[in-house]
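Next come two complexes, and both contain chain A; in the first it sits with chain B, in the second with chain C.
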Partner chain A sequence: MASRRRMLLKVIILGDSGVGKTSLMNQYVNRKFSNQYKATIGADFLTKEVQFEDRLFTLQIWDTAGQERFQSLGVAFYRGADCCVLVYDVNVKKSFDNLNNWREEFLIQASPSDPENFPFVVLGNKVDVDGGNSRVVSEKKARAWCASKGNIPYFETSAKEGFNVDAAFECIAKNALKNEPEEEVYLPDTIDVGSGQQQRSSSGCEC
Partner chain B sequence: MAETESYPPIDPTNFDLIVVGTGLPESIIAAAASTAGKTVLHLDPNPFYGSHYSSLTLQDLVSFLNSHSEIPKTNSLQSDDTTIVDVNTRPLYSDVEISSYDDSLEEHSRKFNLDLCGPRVLFCADLSVNLLLQSTANQYVEFKNIDASYVGDGNGNLMNVPDSKSAVFKDKTLEYSEKNQLNSFFKLVQGHLEAVKSVDVVIDAEKIISDDDLESPFVGFLDKMKLPPKIKSIILYAIAMVDYDQDAGESCKDILKTREGIDRLGLYHSSVGRFPNALGSLIYPIYGQGELPQAFCRRAAVKGCLYVLRMPVISILLNKDSGNYRGVKLVSGQELSSDKLVMDPSFTITSSKCLQNISKLARGICITKSSLKPDISNCLVIYPPRSLYPDQATSIRILQLGSNLAVCPSGMFVFYISVVCDDALEGKKSLHAAIDGLFSVHTDQTDSNELKPTLLWSALYIQDLIEGSVGPVVTTPTPDGNLNYNNLLDATSMLFKKLYPDDEFFPETSNTDSSDKLEDDSEVVLDS
Partner chain C sequence: MASDSSYASPSSDEEEESAGQKPTVDVNINSIDTSLDAIENQLSSIALNAPIDDGTVSSTDYHEEPVSEIDDGSLRESVSERRRNSIGESSSSRGSGLWRNNLEVGVELEPEGDGSPSSPSSSGYAGERGSSSSAASASDTDVIREIRENGSSMGDDGVVPLDPAQAQWIRGKRHADEDDGSISWRKRKKHFFILSHSGKPIYSRYGDEHKLAGFSATLQAIISFVENGGDRVKLVRAGKHQVVFLVKGPIYLVCISCTEEPYESLRGQLELLYGQMILILTRSVDKCFEKNPKFDMTPLLGGTDAVFSSLIHSFSRNPATFLHAYTCLPLAYTTRQAAGAILQDVADTGVLFAILMCKDKVVSLVGLQKASLHPDDMLLLANFVMSSESFRTSESFSPICLPRYNPMAFLYAYVHYLDVDTYLTLLTTSSQAFFHLKECRIQIEAVLKKSNVLNEVERSLSDGGMRIEDLPVDPSANFGSLFHLNQRKIATNGTVTGVGGPAGLWHFIYRSIYLDQYVSSEFASPINHPHQQKRLYRAYQRLYASMHDKGVGPHKTQFRRDDNYVLLCWVTQDFELYAAFDPLADKGVAIRICNRVCQWVKDVENEIFLLGATPFSW
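What follows is the complex of A and B.
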């Protein structure tokens, strides 16, 4: 399928507020990290070109724009996602417990055609904090949950130190690529009213 | 997943603006105010975005229509310095009639995205498309073509609308002389619009339409141009999208002037070819009209607006002495203050003047398993006044959409019907006339000669039309009876100007504003 859609992979990042969703995106795309936390304002989506088997794809990574704070994301956010990344903070038990809710919310809202095989990736973030001493969710426990949900790939990451972030997103991109979009809707006759008007500049830094 | 009880308290507790309801006007105001740097809290009692402009599953649509057709009650309470006024839901819908001839539809409920405010389309050159581009909300919505337009008659014929020069050329139903008449009329209109636009060139009086003509009824102008009735009807009702019978003379409620008629033709024609792969002048958003308010809400969120769904406002706090608005009380018990409050028209408080019903709309949603035309998925059908029955006073508009727009399961079609009316009886009569003209109603014995799509499900309802208003609180308009959003967006930008006279409604620069980008978040300390 030669449509624009196949070249563009939509990835959404879900998880409780403050687990590091924006930081992970920012570390992967811009290699930048900020210690100062503030609830996400001004984050929309970032794009990054990825190469896979000699073909170039655009990974479009969507931030929650803060709308997850009161679980108010809205169905449009979920639509057409090729991969859903679930993030929790290994130092906050509740953020891990909520993974199940986020996963279910995604499946209800996005209603993918094959929910059993829809690609998720789970990231346990902030493994750097306090040298791992404040950690409350063990890797074993996280892996067990991932296994019980159809062997979801699992990565332990530190957005701050850039640890495992590239590896995680490589897996995310590969899985997004495997997802088959609903062809009827994404046939190439889709009209993007922005094209020809103002070229949507790739918001990702190409450096 | 969310229960309101599990929400943390909203922090901060003071905002520049609180907006209640996430319909298109409210969402645009929230996005415009956030873009102008205001602190905005956007609330909705529903678990979904869009209020009366949303696209819902089959089940949600039925329960929303029913829950908004009950009669509310109101009371107020005085305390030391504050008057607390209960917020009530005003029923916008009445005479809701759901008919189901196929139980299997319920199983696919979630595959439907049914518009509450249908039929609605965007013209490629209209205000909504411009606003999407100006606010950059366009990056969240994709569209597809409406493939064709037809004018219907009482005998079941659907005649293609020759709406452009090439369509006139290809048309097989028009006589050679009719084609010439239509083409020269289109040329006249185009010449006039071009001449009016180029102010610095000496205007050639031959090319423009005289002021006398511009101020006179459009229907008379079409007569003067000697256009035959068939073509006149196409121009008035299927291109200029006029509601009321223009040949009814004195008794016609709304006579279209030539100036306005020419502008509408201009909008239609400038819409053709604006976007490379949009073939006609009309487009429709994939997943339904409900995507538009969500796109503006996301834009608002990116600009810092705080979103809380499933959060009803139970009362409004007013200053006891001045009667001025002070804040709101939420169902959670939390009290919040703001300078201004905007509410969707389904919420009322006693102290605000009783909103006048100006007019009503009859709307219908129908589902079938086949298309009106074999090779056409998405199309518009217009029944001009008097085309279906003698005393039909207004045009009836129907929009057919297929599953390639992700509004219904594969192999099905959704139809939206609307007509302006004085009362429910008249409105329902028009809806039924259109349904009888388009579909065969499900029966056990199948009529093999019947080529019309079989009706599987329908929802008919009457919607009150309420205009926006400014009082202690600002009330946004309900969806109107037009095909596009132009009048609603004009009203919305007026409300914004009344709220914030010193701020621009989506400044042009917001296009190139780089503050959306994470890497330009200047406040944070970066290390690599």
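What follows is the complex of A and C.
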């Protein structure tokens, strides 16, 4: 028997449209890459099993659409996330500037219990493009921003070449796990017949 | 509000001929005759002259019949009155040609009903459908398309084939290797899912929950998206498939089915599934989700797969799941009294409920003071006990919650099997009561053995209860007891296999409204195979749903003829009767037989029902 149960981690991927969220996920889950851009509608859901420190995890990856018209889906999608991955395109300055908005929007909508320590991971994607010559956001700048937001782990990735993708997701799993709260003892009340519990339940006013 | 009216009534009007659909009928009591006699009346006229036009059933001249101001008490009177007329009419014109025509009426009407559900416009859910697919991505549309393909490629016989390993559910989850990518998984006729409001899977009937994490996320996305718009998704139709949603706070339940069961039935099954979860955990899980939306409750449910699987299994095999009533093991009145007396003795020492059951049938049941047990709670408790192997091997003491009694808090259940099928459950509010309850059980067991109750229980289980071939057809006969009948049966042929009842009666279920109990006849030829039994239960289920449809009901009577059966349902203030006959059965005779069944049930009620138990005041 496995000594510890399997865990399921809900991972949300956010970022401007076209930064390569779906490609990163495809590279990670299916080891595939396509140059064809295909906009995500709403969200895509993928599952990946990973083993980490002798434990088996299932990553439930929510690949969301970057377009603004899908922003209203936030509350519905973000609830109960274990980790949030922020992705930008190192060749597009705007996508980096928007990281702040994505992060804040997520914290507002998901309202995690401890926003200060909620696990984020930032990925600077498309480092392969044009041999790095079209790059406009420096690694230094990105790292500085991550440091200012509570030391968010940072990875430079290329979904196309599969560069750093596994390392990034391993960190994502690790971080999601770190945030797992101590399980409390599950101890519901016991019925107390003397104090009129029956009355209450039989009159049906608990609904 | 908008949401409440936004799903299409799945029962539509199919082939049913029910009273509520004929608004011109002003006297309810009259309805059975109106619809039934209309057919025969029309048929007799056909036999005499013209061919039937299109199967439309006209009410002809029965409104003018002076059947006015009849109250429930005299229903039987009026029914038999009309029956005599109708028998006269039909027998005068009966012939093989007539019967063929009659069958055609049933057959022709069917395609109308079949056609409408498959058309997407019948969903009435256009708004939500559109929006949920936009919310839910390529993978989601994928899934719906796949299901639709499946839907069109199978199930046209309308019969659900038996699962190859029929009893395998008891060992736990089936087909754990499957996921939403497997062809076999997609072809399953009925899926059940429980997930959390963050989209984390909690239970899936088929397949591994973790492998289905993506599918689970899709379901949550659909539900949450509609919820976000201030609405609620209840039903989505996709070809032959229905996707039924039930939201219970942070717990989402979903059924995906192509079994053609009505929406109300599937929703009722989801309610029971939720109730089963509450029985194991109480609704305190809600608090865990409030504190931590990421909360994963699967560890709390560890090892309970078999409990859920067995409940789902019973949805098409145990009428209690849709009748919301329990059934008793038939026993001589004095035997049940003896069992009740000893249970009452222990109840007086502070036991909240003492329940003696044999499989899913009640032997006796006693509650402290006014405490009363809801039939659904009994169903869920019995399922929990019977599907958990460990109860069989030793006496057990376990926290459980009765969702209809108090969903927020635990009780403690002492469970002990007295023999292979018979078990005693003692419920208490004290977590310290194990040793007291153990003593109670020893005492009860001794009395039951001494007074021969356990032997009687065993014998009743093997002899069975009401057999349709024993139905006294002579109205003046009063058999008084089931038991000498059964003995005679065994003595004469040495077998207890039924051969079918009089006038083509195949089966019946009688539900007493005051007692919250039902009794059903033993299965007999030709409903021998579990497969046929399941199909009959499904037919009853549809009947139940249509009789209790809040939109057009409540109905008093319904007569329905299709390729498989004649189904007759009769609802009064006191009881509901569901009866199945040979599809060629004569309507007037069938009504008379139903009257006989009711009389028979009354004659033997102190053997088939638990009388004088605490009144159930729900």
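Here is the rule we go by: the second predicted complex is superposed on the first by the 165 of 207 C-alpha atoms of A that agree within 3 Å, B and C clash if a C-alpha of one lies under 4 Å from a C-alpha of the other, contacts with A are read in each partner's own complex, and residues count from 1 in each chain.
Throughout what follows, a residue touches a chain if its C-beta (ideal position, glycine included) is under 8 Å from a C-beta of that chain, and two chains touch if they have at least 3 such contacts.
Because the structure is a prediction, the values reported are computed rather than measured.
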Partner chain in contact with A:Phe163 - chain B first, chain C second, else both or neither: neither
Touched partner set for A:Asp82, first chain B, second chain C, both or neither: second
Partner chain in contact with A:Ser113 - chain B first, chain C second, else both or neither: second
First (chain B), second (chain C), both or neither touched by A:Asn35: first
Which superposed partner A:Glu105 touches (first chain B, second chain C, both, neither): first
Partner chain(s) touched by A:Asn26 [first = chain B, second = chain C, both, neither]: first
Touched partner set for A:Gln71, first chain B, second chain C, both or neither: first
Partner chain in contact with A:Leu8 - chain B first, chain C second, else both or neither: second
First (chain B), second (chain C), both or neither touched by A:Phe52: neither
Chain B/chain C common contact set on chain A: 41-44, 46, 72, 75-77, 79, 184, 189-193, 197-198, 200
Chain B-touching residues of chain A, taken from the complex the two chains share: 22, 25-26, 29-36, 38, 41-44, 46, 63, 65-67, 69-72, 74-77, 79, 101-102, 104-105, 111, 182, 184-185, 187, 189-198, 200, 203, 205
Chain C-touching residues of chain A, taken from the complex the two chains share: 5-8, 10, 40-47, 49, 58, 60-62, 72-73, 75-77, 79-82, 110, 112-113, 180-181, 183-184, 186, 188-193, 197-198, 200-202, 206
Chain A-touching residues of chain C, taken from the complex the two chains share: 134-140, 196-201, 210-218, 220-221, 224-225, 227-228, 281-282, 284-285, 288, 291-296, 298-300, 302, 352, 368, 370-372, 399, 401, 404-412, 429-431, 617-618
Touching residues on chain B, where the partner in the complex is chain A: 1-2, 7, 10, 48-49, 110-111, 124, 129, 132-133, 138-145, 275-278, 283, 286-287, 290-291, 294-295, 297-298, 301-304, 306-311, 403-406, 410, 511, 515-519, 521, 523-528
